[in-house]
Amino acid sequence: MNDLVRVVRQQYSVLKAVAFATYKEWSVYRSHSMVSIFVGPVYFLVQYFIWKAVYNTHVSISGLSLEQMITYFAIASLINYIIMDFADWNLQMLIHTGKFLTFVLRPMSHVYFAFSQKVGHRILGVIFEFIPLFLIFTFILNIRLVPAQPFWAVISIALGFIMMFLVDYCVGITAFWLTRTSGVRRMFLLLRDICSGVLVPLTLFPVFLQKAFFILPFQFITYVPIRVFIGSYELGGYSCTIPQIIAVQAVAVLFMTAFTILFYKQGMKQFTGVGA
Amino acid sequence: MRRSIRLYFMALKNSFASRITYRADFFFSSVMIFISELFIPFITVLIYKTGASFPGWAVEEILLLQGIFLLSRGMANLLFFGLVWNTLNRVREGSYDILLIKPASTLFLSVATNLEPDSIGVAACGLLVSFYSFTLLPAPGITDILLFLFLFVLSLAMLFAFALLMAGSVFKWVGNSRIYEIFDSIASFGNYPRSIFSRGFQTIISYIIPIAAVGFLPASVLLGKRPEGILTTAAVCLLFLLVSGGFWKLMLRQYTSAGG
Amino acid sequence: MAIMKIKELRKTYLTHERGSSFLDSLKSLVKRKIVRVEALKGISFDVDEGEMLGLLGPNGAGKSTTLKILTGVLYPTSGEAEIMGYVPWVKRKQYVAGIGAVFGQKSQLIWDIPPLDSFEMNRAIYNIPTEMYKKRLSGMVELLEVGGHVKKPTRQLSLGERMKCEFIMAMLHDPKIVFLDEPTIGLDVIAKERIREFILEMNRKGTTFVLTTHDLDDVEKMARRVIVVNSGEIVYDDNMDALCRFFGNRKLVNLATQKPLPDFSNMSGVFVRNMITPHNAELELDTDILELNQFIKLMNDDYILSDLTMKPPQIESVIKELYITTNKTTIK
């Protein structure tokens, strides 16, 4: 038991140290993240006008009212600033430049290192992107952004945070085998963005696609957290209660974690030339 | 001038040739870009499928607008938008100086040393979407076509002005790779009919930051709609280009005199 | 006591041969020709605790492969290694906690923040006790004279200052063995000197170093023992002085005479390096064949000496010869 406490404490201090270094590293560029304060509202305004025009003749589109639709986009853009990362880009860069070697020489797994980096990077994102945007959306654009069930919303966003990392990191792992990954990365990121519901609500798609989205890991990144935030979940004709869908999300994250670790081990075998 | 044009085409050829070294990735990447650019037209179709619409616009009319918007973006990306990334990376790494010591126009070199072959996917997607919707629509008259061509060239000039603004600002705002998002967010106004926006925004995108000139104006003309203020917008575009050019020059001069 | 025991390490890569023409690449989609590359053909050596070993070899000789295997980054095809009681590529994480590595061309420091922050990060990763961390940090900062630099962002440091910080980064956790790959590449003379002194000082305090480099100065000034690898095999393994005697007892002679010199082609034991003028030449003399006093006598009698200087042969020419001759034998 004591051993376990020691290990957890040690892992926590590693996470803290790496996150802190990353936070410092990126805070040099905090003026860059403040681009979001301009870009976020502009993208949102375009969506606002689009849907206002479209709803001119309709009260409800794919089960959402205009107000719900607008809220959906506001939440999607906010959540995105909490959970986004470049884990895929970063890993393939390290592998292709050979810098990955220096991580193999450290007594920790790079998956955990990269995750800790993301934590530091996103703490910066919350301070310089999420909070200002939340205030702009709430007080200037007058959108009500209070989660239906705050506790579940936080859990679901946290799970989305992990899921996004795992998916992106797995895309990066492909660089162990491929010398050029821009095509593969584009494909997965496209798939991720479409299927995660960050661009439009998934219920807008034909039902057969919605059913496909249901079994893919991507909806757990953004779509599920948004629906949990709103307080009702529905996709492909299924609807569940909030705790139910979060349970499903948690299982999906566990499954994806296992997959990532296996895939990473496979990648490390390639990198270290096992059996060659 | 002749030499520059020859150099430019050589650069274009070389950039394709070197990208083709990894032909599988190049092909795959272009196809992926093609598919991802289809997304907005696809969503538009989905919206119209639910029975909803943008007031006053049929689905094929919107598709033509979005197709033409994509086509200008694609051509801009392929032919000169690399200027932004090139300047960004070179200023960050300190290799911009290499361009300054070569015996040709710095602007020309900044463009020609970084063309983006992958963007062929964007242009192809735009071409396909425009062509598809074009066949569903009544044929435009000859004056409309001529006016369209003029406005299309104008839209490229407008995008070039944007590229100059961004390239100019990364001399100062070193390494800010997110500058493109600023452009992208503003440009997204051009993807839809001007009439859906509020009065204030309509004025902004027509006469202040004339992004309506990219996509919306050329498409409207081709559709036989004569939106108001074409000439004014055209004039604003040219002014915009001049100002951007001046801004770029100013920033370059500051960069070179700062030294180091 | 041997801290490192390496036995019969082999590494064979299988790579696909890729044609250059378009047609070749189309063919390669269907059927690819597999090429076997023997990077290491069975190398064995031991390293004692506290040693300073230089690993030399031309490009592609197998140096980096060896280094990668020894640091646990690469699995060998066959062979054994035991370093500090570990097999490096098994239980890699535990193993690398006890070693350090500096790669001249791959930075471990974080570019945009001061080295001190990167050090703090490594303190957590290597779980270094606070007391020891402080002590080692201040000791190394003092030794390398980088007190004013560790608080500046890495990107503002000169290459020399950065490399010094790389050493601190790699050695904070008090590794028993440190692997160095081209540690002085691109540095100016003063920075090189300082870093070499640092390495020697750490070596005196008991750290074992394994150094691969192209800079023969590094080897000459630091290593006491040299292993030369060529074409995947060890072609030389002994101390530095012996290396200089490897090709017999040679001396570099600069000779000036009053009468014009002959072309030396029929004088055994003498090799012309450079005929500067008819009266002045640089020669290499093999004293096993022709003794020195004999040579001087011969020269003075026939051509009348006006000046004569002598140097031991430069390590460079010895190494060059070693590379070339061993290549010939492996081709055979």
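Each chain gets a letter, A, B and C, in the order it is written, and its residues are counted from 1.
The rule is short, and it goes like this: a residue touches a chain if its C-beta (ideal position, glycine included) is under 8 Å from a C-beta of that chain, and two chains touch if they have at least 3 such contacts.
Values in this document were obtained by computation on a predicted structure and should not be read as measured data.
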Chain whose average C-alpha position is farthest from chain C's own: B
Chain closest to the middle [Cα centroid of all protein chains]: A
Interchain centroid distance [CA atoms averaged], chain A/chain C, Å: 46
Computed distance of Cα centres, chain B from chain A, in Å: 29
Inter-chain centre distance, chain B versus chain C - centres from mean C-alpha coordinates, in Å: 53
Residues of chain A engaged with two or more neighbouring chains: 29
Of chain A, residues touching chain B in the complex: 29, 31-33, 35-36, 38-39, 42-43, 45-46, 49-50, 52-58, 61-62, 178-184, 186-187, 190, 194, 199-200, 204-206
Interfacial residue positions of chain B with respect to chain A in the complex: 22, 24-29, 31-33, 35-36, 39, 43, 46-47, 50-55, 118, 173, 175-179, 181-182, 184-186, 188-189, 191-192, 195-198, 201
List of chain C residues in touch with chain A within their complex: 11-14, 68, 71-75, 77, 89, 92-94, 96-97, 99, 101, 103, 106-108, 110-113, 117-118, 120-127, 153
Contact set on chain A toward chain C in their complex: 10, 13-14, 16-18, 20-21, 24-26, 28-29, 98-99, 101-102, 104-109, 271-276
